[in-house]
Amino acid sequence: MSNNGGEVKLMKICITSKGPGKEDLLEERFGRAPYFLISDNETGEWKSIENPFAGAAGGVGPRAAQILVDNGAKILVTGNVGGNALNALNAAGIKIIYMNGSVTVEKAYEKAKSEL
Amino acid sequence: MNPMKIAVASGKGGTGKTLVSGNLAYALSGLRKVTLLDCDVEEPNLHLFYPGDYDTQILKVKVPQIDYEKCNFCGKCGKFCRYGAITVLKEKIMFFEKICHSCGGCSIVCPEDAITEVDRRIGCINTYHPNENLTLYSGVLDEGEIMAPHIIRELKELTEEHELTLLDAPPGIACPVIETLEECDFCILVTEPTRFGMHDLKLAHGVTEKLGIPSGVVLNKDTGDFNETREYCLESGLPIMMSIPFDRKIAAVQNNGRLLSVEDHDWLLAFRELYIKVESMAGAEP
Amino acid sequence: MIKIAVLSGKGGTGKTVVTSGIAYVMDRKQSLADCDVEAANLSLVLNPRDTVSRPYYGLEKASIDPDVCISCGKCMENCRFEAIEENEGIFTINKTRCEGCGVCGEVCPAGAIGFSAFKDGEIYFSRSDLGRLSHAELTPGSGTSGLLVHEVKKEAILRGSDNEVLLVDGPPGTGCPVISTISGMNYILMVTEPSISAIHDLKRLLNVSRGFDVISYVVINRYDLDIPNSDTIEEFCRKEGIKLLGRIPFDPMVLTAVQDGEPVTSYDTPASEEIKAIFKRLMAEIGLENE
């Protein structure tokens, strides 16, 4: 059996965040998260994306999923995901790690990596 | 004779719209042809008072269908959609049909001509013929669907040329209510003389004024106690056309899906009188 | 925070009376929200004060710049919502009908159509003796009541994060605003009455609620106005596996309480007694009873 743990650890991880930096707290909502922080494990760089749909009337889940797809994120760390978004994420093959509580994005990232 | 459209609305739910529209329709059907539209398409109730056979017409809206031979996943459709109904993945398009507003924009912006439109069901119209003069069109929005105004528009289009149409509006003041009220000749505002009813009557009256539709009030469950509603009507020039007292016997009839004007001839005459008042005010300056 | 929504399906069954009745006897720190944004009545029995408000913007809506418009009519041809009107060559947008889809802007050859935020209502946040109240008023004709409901809940949750309970007075129906209300709730208390219409609508509401991870309970208001119908509801609940938490008798004092602008449980009257009992049963069900 081949071990592709190494491959997985190199994938981009997206974490929903209350603010633009990795020292900001994890946001539990997916579709209406104020920011998406994407960590590129290969380069070690963080990309911060403000969610333009956070206040939209509807369809926020699918549009948030679109942001992940457009940015090549393969793993999502968040608190809750709604039905439509879940379908989109599953179809895109994006793995979801659920996390709650008052943790910083950075801590959430470390915890997620250790689970991969 | 010009077609006449009378709406029955309230603002607050549970004030008696269905009681008034259902009984008014029945009372008038003894004299002339009447069309009754149940525009409360999320929770239609009029058919409970007119049980019987019905014909069903399925209502559909246009939604996008992707031709994967032509699609190159450029993502323009997803970016255009203001409702988030399209998500473009690497090799697949995800379409969330219940949040699609059927605007047609995605097929317009697709540079590869890969989107055509197909029909999707959102609800239906059930048509009942309780007697030879009365036809009830009950609009039903399927659960979880959002396009209530579309069904209401369809109901109105079907019956545009009918001599006399009574429209039972949904509660509230959101877009399905406006869709129902628009272009009506008169609006009967049904209210209960309580603080809650008063508050919501003001909202509903604000709407009919904005739309320029002359209105009058029917007081329901009237205990004769709360005078503020009568005062408001007086001050704002809203005629009180009828008062239905609070009466457990009346409640019993209504609660069991029966019509007051069927069981009590005096009420039948009272509803006919209501219409005479409405007719004289309809089409007048608001 | 434990989140409880009071809903009904049919309007006028007594949601606001029950919500305010429970709020009055709630023995935990609570936040209150009135999600019936089209006909908000909860504030009429809670005496709110120190209200702050902010405008609520729904979907962006289209506007036609008359200086740029060449009156070709392509916008009107393509609008599926009959939101574009023409009067002697001047094209305008009917803001009530406009659903902000963007198609007119896309097809306009002159670039005459822009989209901007449109005020769809007002959001309020007030103090009251029973807890902070989040409420709103929707602009008539709006199509985004669901989002406004979401904003009202969000306000209540954000501003009351150290409270144990969120109690929500919900809207009637089973559409968008109700679905928006149910989302994120832990419990639903369905207030119904013994009438054919209410039973019909209760069933629809139950169907809708089953799409969510919530536990529902039912109470029958004015049950004694029709005992056979009340028995039908009880039987229905049993069959569906839903707990019936109480049956409130018809009580003229309820109307008095509403007219006085007070929660009914501040009076000594049969309906009050039953709502207090329902409160105790509800708290026991959700594990918040006091020993």
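Per-chain numbering from 1; labels A, B and C assigned in written order.
The rule is short, and it goes like this: a contact is a pair of C-beta atoms (placed from the backbone, for glycine too) under 8 Å apart; a residue touches a chain by one contact, two chains touch by 3 or more.
Quick caveat, the model's predicted, so the values are computed rather than measured.
Student: Any chance you could name the chains that touch chain B and chain C both?
Tutor: Where chain B and chain C share a partner, that partner set is A.
Student: Among all chains, whose Cα centre is located farthest from the one for chain C?
Tutor: A
Student: Give, as an integer number of Å, the spacing between the C-alpha centres of chain C and chain B.
Tutor: Chain B and chain C have C-alpha centres separated by 19 Å.
Student: Hey, how far is the Cα centre of chain A from the one of chain B, in Å?
Tutor: A distance of 43 Å separates the two centres.
Student: What whole-number Å value describes the gap between the mean CA coordinates of chain A and chain C?
Tutor: 32
Student: Give me the residues of chain C that touch two or more other chains.
Tutor: 59, in rising order.
Student: Where does chain B touch two or more other chains at once, residue-wise?
Tutor: Touching at least two other chains: 83.
Student: Among the residues of chain A, pick out those that touch two or more other chains and give their numbers.
Tutor: 56-58
Student: Provide the residue numbers of chain A that touch chain B in the complex, in ascending order.
Tutor: 53, 56-63, 65-66, 69-70, 84, 87-88, 91-92
Student: Would you tell me which residues of chain C are touching chain B in their complex?
Tutor: 9-13, 16, 38-39, 41, 44, 59-60, 78, 80-82, 96, 99-103, 106-107, 138, 140-143, 145, 171-177, 179, 193-197, 200-201, 204, 207-208, 211, 225-226, 229, 255, 258-259, 261
Student: Where on chain B is chain A touching in the complex?
Tutor: 75, 78, 81, 83-90, 92, 94, 96, 99
Student: How about chain A: which of its residues touch chain C in the complex?
Tutor: These residues of chain A touch chain C: 56-58, 82.
Student: Any idea which chain C residues touch chain A in the complex?
Tutor: Residues 58-59, 144, 146-147, 183 of chain C touch chain A in their complex.
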